[in-house]
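Chain nomenclature is as follows: A, B, C, D, E and F, assigned in order of appearance, with residue numbering initiated at 1 for each chain independently.
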Amino acid sequence: MAGLIKGPALFLAQFAGDDAPFNTLENITKWAAGLGYKGVQIPTFDPRLFDLDKAAESQTYCDEIIGICADAGVVITELSTHLQGQLVAVNPAYDQAFDAFAPKSVHGNPKARQEWAVDQMLKAAKASQRLGLNVSVSFTGSLIFPFLYPWPQRPEGLVEEAFKELGRRWTPILNAYEDAGCDIAYEIHPGEDVFDGHTFEMFVDAVGGHNRAMINYDPSHFVLQQLDYLAFIDIYHDRISAYHVKDAEFNPTGRQGVYSGYAGWTDRAGRFRSLGDGQVDFKGIFSKLAQYGYDSWAVLEWECCLKSPEQGAAEGAPFIQSHIIET
Amino acid sequence: MAGLIKGPALFLAQFAGDDAPFNTLENITKWAAGLGYKGVQIPTFDPRLFDLDKAAESQTYCDEIIGICADAGVVITELSTHLQGQLVAVNPAYDQAFDAFAPKSVHGNPKARQEWAVDQMLKAAKASQRLGLNVSVSFTGSLIFPFLYPWPQRPEGLVEEAFKELGRRWTPILNAYEDAGCDIAYEIHPGEDVFDGHTFEMFVDAVGGHNRAMINYDPSHFVLQQLDYLAFIDIYHDRISAYHVKDAEFNPTGRQGVYSGYAGWTDRAGRFRSLGDGQVDFKGIFSKLAQYGYDSWAVLEWECCLKSPEQGAAEGAPFIQSHIIET
Amino acid sequence: MAGLIKGPALFLAQFAGDDAPFNTLENITKWAAGLGYKGVQIPTFDPRLFDLDKAAESQTYCDEIIGICADAGVVITELSTHLQGQLVAVNPAYDQAFDAFAPKSVHGNPKARQEWAVDQMLKAAKASQRLGLNVSVSFTGSLIFPFLYPWPQRPEGLVEEAFKELGRRWTPILNAYEDAGCDIAYEIHPGEDVFDGHTFEMFVDAVGGHNRAMINYDPSHFVLQQLDYLAFIDIYHDRISAYHVKDAEFNPTGRQGVYSGYAGWTDRAGRFRSLGDGQVDFKGIFSKLAQYGYDSWAVLEWECCLKSPEQGAAEGAPFIQSHIIET
Amino acid sequence: MAGLIKGPALFLAQFAGDDAPFNTLENITKWAAGLGYKGVQIPTFDPRLFDLDKAAESQTYCDEIIGICADAGVVITELSTHLQGQLVAVNPAYDQAFDAFAPKSVHGNPKARQEWAVDQMLKAAKASQRLGLNVSVSFTGSLIFPFLYPWPQRPEGLVEEAFKELGRRWTPILNAYEDAGCDIAYEIHPGEDVFDGHTFEMFVDAVGGHNRAMINYDPSHFVLQQLDYLAFIDIYHDRISAYHVKDAEFNPTGRQGVYSGYAGWTDRAGRFRSLGDGQVDFKGIFSKLAQYGYDSWAVLEWECCLKSPEQGAAEGAPFIQSHIIET
Amino acid sequence: MAGLIKGPALFLAQFAGDDAPFNTLENITKWAAGLGYKGVQIPTFDPRLFDLDKAAESQTYCDEIIGICADAGVVITELSTHLQGQLVAVNPAYDQAFDAFAPKSVHGNPKARQEWAVDQMLKAAKASQRLGLNVSVSFTGSLIFPFLYPWPQRPEGLVEEAFKELGRRWTPILNAYEDAGCDIAYEIHPGEDVFDGHTFEMFVDAVGGHNRAMINYDPSHFVLQQLDYLAFIDIYHDRISAYHVKDAEFNPTGRQGVYSGYAGWTDRAGRFRSLGDGQVDFKGIFSKLAQYGYDSWAVLEWECCLKSPEQGAAEGAPFIQSHIIET
Amino acid sequence: MAGLIKGPALFLAQFAGDDAPFNTLENITKWAAGLGYKGVQIPTFDPRLFDLDKAAESQTYCDEIIGICADAGVVITELSTHLQGQLVAVNPAYDQAFDAFAPKSVHGNPKARQEWAVDQMLKAAKASQRLGLNVSVSFTGSLIFPFLYPWPQRPEGLVEEAFKELGRRWTPILNAYEDAGCDIAYEIHPGEDVFDGHTFEMFVDAVGGHNRAMINYDPSHFVLQQLDYLAFIDIYHDRISAYHVKDAEFNPTGRQGVYSGYAGWTDRAGRFRSLGDGQVDFKGIFSKLAQYGYDSWAVLEWECCLKSPEQGAAEGAPFIQSHIIET
């Protein structure tokens, strides 16, 4: 008697650190397993936990990684290439800010940075294949996000051209993932050009309806833009192959709405919370995913403006467990 | 027996055109008066209606303008310098798009464009004084709007420095308005750095609490970011000295939320509507303004994604009239 | 083809004044008729408009009153004895404050004041009979309103004894109204012991289910205590024989709820408004009254914390007219 | 890794009784600790648990009290002087009802009762100091609560004078608490003159902004008056130094609203409930308190019209524990 | 400057009667025009107004009908064949009740009744063509409506077979309408097998996606089943070619929900109302129809459980007029 | 210290099967007890679990049944005769579908089927008496359910006559239950003629107010018709003597409302869910039942379109346990 949705799993990115048990894959997987997690999503951009170059080339290394996880009692759910995917497309307004995600050698050189990012993406395809994974999670990057709001009026053709260019950049990458038997499940996220259902549709069109262009469903980003995240599943369930279980809340006031006044996370009307502390209707989400036969992982992504990460991680595993519907 | 709130008035910017009766101040004011408007807000950037250079210098010209309006049966409520105010501060990402608001001579030259804009603002102060007006309406411009969402993480000090710079640019302008006995009522608006209550507070701090830094209250922009526009009045009523009566609606779906997928106005979850067709609680707004003793104008700003401008203007005057509370 | 509900009518109490047209019945009825009112509710406690002593005794005077109204084009809907009814039962805590409603001769003498009030009520029965009216409107007064909230714990039997005493005082009065063929429609109102449905039921029990103990339905007082005023009609429609059309709103904040901090009317979370400016669902009320066959008057009672009485009265008549359902 | 908010704790007043384990401090603290409570709030007016006279004078006694608690495994969170604080100011309408809180020797003698109450308050300051406590909880009492509703019209100056008198009475008491290094956290409560945010502000003004005049935040009393208890925290968090975790619900009908028809607790539209059974959004409250750095106790106050006290107490400790946010 | 949506128009069925002005087409169209209607929808089953047999055969008669309308100042919007369409498919449970819609000669003979109905439908196609109409309105009839609720469990294949049979019956009729250049806009309605969007889709499939199988959009029937009638337009706008402007309300209680206890119309939780008296968001409907370019008629269908038909008709024309959006 | 409401209990009908542990009363009661259930509701129509003929006649058999349950650690809460009660009254439209509930010998013979059903009901009365049970649960059956919606117009007198006939059929059965000291608690359910409060009132009238005609309260059927299931308890609590704890949800869309398009359970807007997964406010229900002194059983009925029965049953027991209020 087992549910189709797998979980609970944990995205390790926000927990990795220089101190034990957060400093090595061995330590952090044991810690995660001890909290009840059955899977981990590995950030390929954190060398404390994972060496992407090595994983792309060496089956031995990948087997070791699998073994470390198995010893801890977890499996790998997906590789994350969020930061590299982001760098596949960067609007110049963010060049400086996003250089931090790339090696120093390409700082100040957007073209080289992009090439590095593409190479990373291709390596992650290989690594996923070696690890036996058929889904990975990433970002689309952004070419025109500063033109989010229609003021000033957008130059004629700006949007169309941007998505065409995204298509040109991502199609070959997606082809490589097809070869590797692996999806790229894009996290729909403000700051990326693909930030809602409408932009995801434009993206899928731009990559010719590529069957590896999938969605990493994360309702927290939808709460923060007040999109109907349950209806989203009704529309796009065929394209959802990953799931970040992340909570959020939106509490507008007379001082702030969605845009939240350039404030930091704690002081924003919209902000991320630990599971169960926000407004996301997880009962509804798990019901819909069960109804549509979603059979991949439910992965906690934790960012909370109030609660400690340790409490957040500890509460997250039983929270997800209690929401899984056995069908 | 007369109400404290004055109205109805009409902002002429969206109506001005090359064909009669929209092509001259004489014609358009007669048309407006015929619909029941008692005041007009004049865009200083539309040469078909108004010559700002002349108005700044010539009392005769200003008296003529007043006379034209009086003949039509309306008064001038405020001068609008939205476009020039916008150009006082422009983020490079929008340089090209915003050049359209400036004379060709300064295109491609942000520094010259800014100087032109400042000069325009100063001229509008003079012109307001000559016209006997104590309020004008404008925009703050924007230095960091592409960093609206906190991804990528904003460079340290970015927000603080941007508002300091806004303060440096606007303080001398505001001083000139003080000399002219006139407010600048800034329209709080996405795309500007002052887009909600929180950013307005930062701006007021940046200009040393200047008593001419006021608000042009427009609820439509608050609906589109889901800010509590009634509570806004409770907090900021002391700084409100102009009022754009403009309707809007926000209907999120599974495809779109606030950000609305780079779509055009008709296809957005959040969009502007004609008075009474949207979701703004005007009964609540007029009640609060009456309660706090707002005694300036209620000016229709019309932009509607569905209805014809003629119908919108014709329905707007009685709509506003019926909402005015005599106290 | 005429609706069963009669209206619009106007309660004159809040409009009577020393200046024309508010200073005589002749003037004020003409003014009311000019606004579109078809009936007037006359306060028997305002000597500028009505002499209750005379009306109780003289058919000639009553015929004159009827004639004055007829000349103006209105009819009398009900006599109001709110203030006298109030004085039939007064808790000592309010003795001083309520003396203002009585003649000086009984000030400081609660027993004499009560006797005066009862006599007034009896005279109003007579007067109603002479005027051909079968409904009057009043208050029950209050014996224990300071014990509204159950802190301190109420003395054993306090509530039961208070309602018994109300029954003893009101039963003979109601009998006199039975003889006069006239209801007393009590306005359910905080400050009175009968302030909601539950207390009205206790009151009806205390007067032995007297068939003249009826309700003057006024939804504004229900909004201000958040009682379900539509369901109220479903339950009590058989006892409703008068209707004050009065609007109200309740806007709680972090500073105030229903009790509204000893504040004055403008500054309270709950406050009265002009028709259409508040939150009362008049469409729902008129529908329910039509459904249950209510066939008496719809009488505007106007108290508004913001709008001028003239505007309130002028807007009230068409407002009521447009809500009347012809069945 | 520990949260800033301390808890769970239990207010002992509603549990103290003549039978074990509710009959002595020793027994009741052991019982509370067995349920998971880490702190107890002690009613100074219950001689079965505490001797205030002795505690004010004897450090030895206070050390014994601390020891009893320590042996049981709990600490003292605050002393409660609700009943004595109530008697510092009593409206004559409630004289008889409130005498029950005072010794027989002062019954029927409001002046002596008040002096006794003030003396009690001063003793509780001393006792708090000896017990090492920097917060106590109490009531302000009431001088004009019968004039809660503005009918009859309040005598000119009534409210202003009442709060001045409250200020005169409480300022010296608060000064004594300042000397003792202890807050008086007033429970905002209908029946007291300080029953919402607005009246609390008037009170603080009346005591000259005294820095020991604090709030014992109890959301149940806000639900019952439909005040926005979350926004309350945004406004008054700097004055909150105690917290009663108490649930409530408000279910208005066609028969009852907030005032609830002189009915007893079970039959009221607004009534108290056990934690989790009512409508209070405790997730929201604990989030806001965490955000604003509240670092004192979360104390269960239990009064429920349906559930047994034993079940209420047993469920309360894990309920509070699960809501505490470690930051 | 004219709106795309045409109106107001009036469906004559509920108004036709034996007394003037409701007894002849000449009289009733003059009456309708006098109320402000610009179009009329004619029930082909009411011989007082229209002779379908003659219209199918005689162009002269049709020209006369057009002339009568033109003289009155209205045009014909659509022919209605609701009753005949109903009889194309009848579940035996309703045989007796539905016989009333057919001529006596076929009573008790379902097969003959069906043949008569099909013949009527074909004649209405001809008549529409002669009258120059490209839309007509009707019902689908019902084969399995008693199996609306899944208890008892429906026999295997029941639904599929029923819709196949509907397809077999309607396809040739729709083909005849194609020949006549006219849509059948089916009113989606409980009692018919096509009662919501889902069943309409099944029907369209059953008739092979026939391009004349369209929708007569009537939101009142959607309110009464709590279907999202605005989202309905988003989904099905391409199939909407007629529009019944009809209001309704749903007010569930503890005694009744949607099914409303076999009660008559006045006593049901869900019931029809006159325009503006119910809960339909007509502002939203007209906005969506304008957005999607609906360019046919807005036709009042009036059935109200409370208001008189005369008042309903008189108020309906300006109500519709004020909602039409000129684009 | 024990609550008045008894539970958790489990209705065995949906769990009985041919495989252990669902195949015998002995096995299934042990399984239920192992999940924490304290009572079982036994379907008298499932021979794998219960032999109604034997139970009606043999006290020995009944004692054995009691013993089997006692050995497992559960008691019998009620006997269920849903299917037999259904067959007491069947509309011809459902004759074929409902035959499945009866023995083959009466298939195609409605009269014989009805007689069999009545005999079953009488036997269940006897069996209940032998088992010491004072409540049983059943259905009323249906004579006119195809006329649920008032289209076509119902034949004159149809409803009245149907309820009279129900009264004639059920009164003698209810009398037999009176003799047996046992209620029939009818489950109010679409498909039965008693499907809401209004029809239950008609039924009680039809059986002369019989004091054994009670209600098996099941909120899931009320959610699916949007009836106010909490107010239902306020009105009918005196007639509630059984309680099915069953969850449901209603999520209307642009395609479906309450009637849900002849779809199967998973694809309906209204559908049943496992406890806690739907929209039923069980906190409110248990509170009201506690308030009104309901002292019978809380019995899980499980039907869920998504979750496995094993998970549903396992989660149900602690869910019910946690909602029981000890008073």
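Quick notes on this one:
The working rule: a residue touches a chain if its C-beta (ideal position, glycine included) is under 8 Å from a C-beta of that chain, and two chains touch if they have at least 3 such contacts.
This is a predicted model, so every value here is computed, not measured.
Common neighbours of chain A and chain F under the contact rule above are D.
Note on connectivity: the fewest steps through touching chains from chain D to chain E is 2. Looking at E-F and C-E side by side, the one with more C-beta contacts is E-F. With respect to chain C, maximal separation of chain centres occurs for A (centres as means of Cα atoms). Comparing the residue numbers each copy contributes, chain B and chain E share less than half of them at their mutual interface.
Chain F has its Cα centroid 50 Å from the Cα centroid of chain C.
If you average the Cα atoms of chain A and of chain C, the two centres end up 65 Å apart. Measuring from the averaged C-alpha position of chain A to that of chain D gives a distance of 48 Å.
Residues of chain E found to touch two or more other chains are 234, 253. A list of each chain pair in contact follows: A-B, A-D, A-F, B-C, B-E, C-D, C-E, D-F, E-F. Across the interface of their complex, chain B is touched by residues 1, 234, 283, 287, 290-291, 325-327 of chain E.
Considering their complex, residues 91-94, 96-98, 100, 144-155, 159, 189-191, 193, 195-199, 201-202, 222, 225-236, 250, 252-265, 268-269 of chain A touch chain B. Those residues of chain B that touch chain E in the shared complex are 253, 266, 273, 276-277, 306-308, 310-311.
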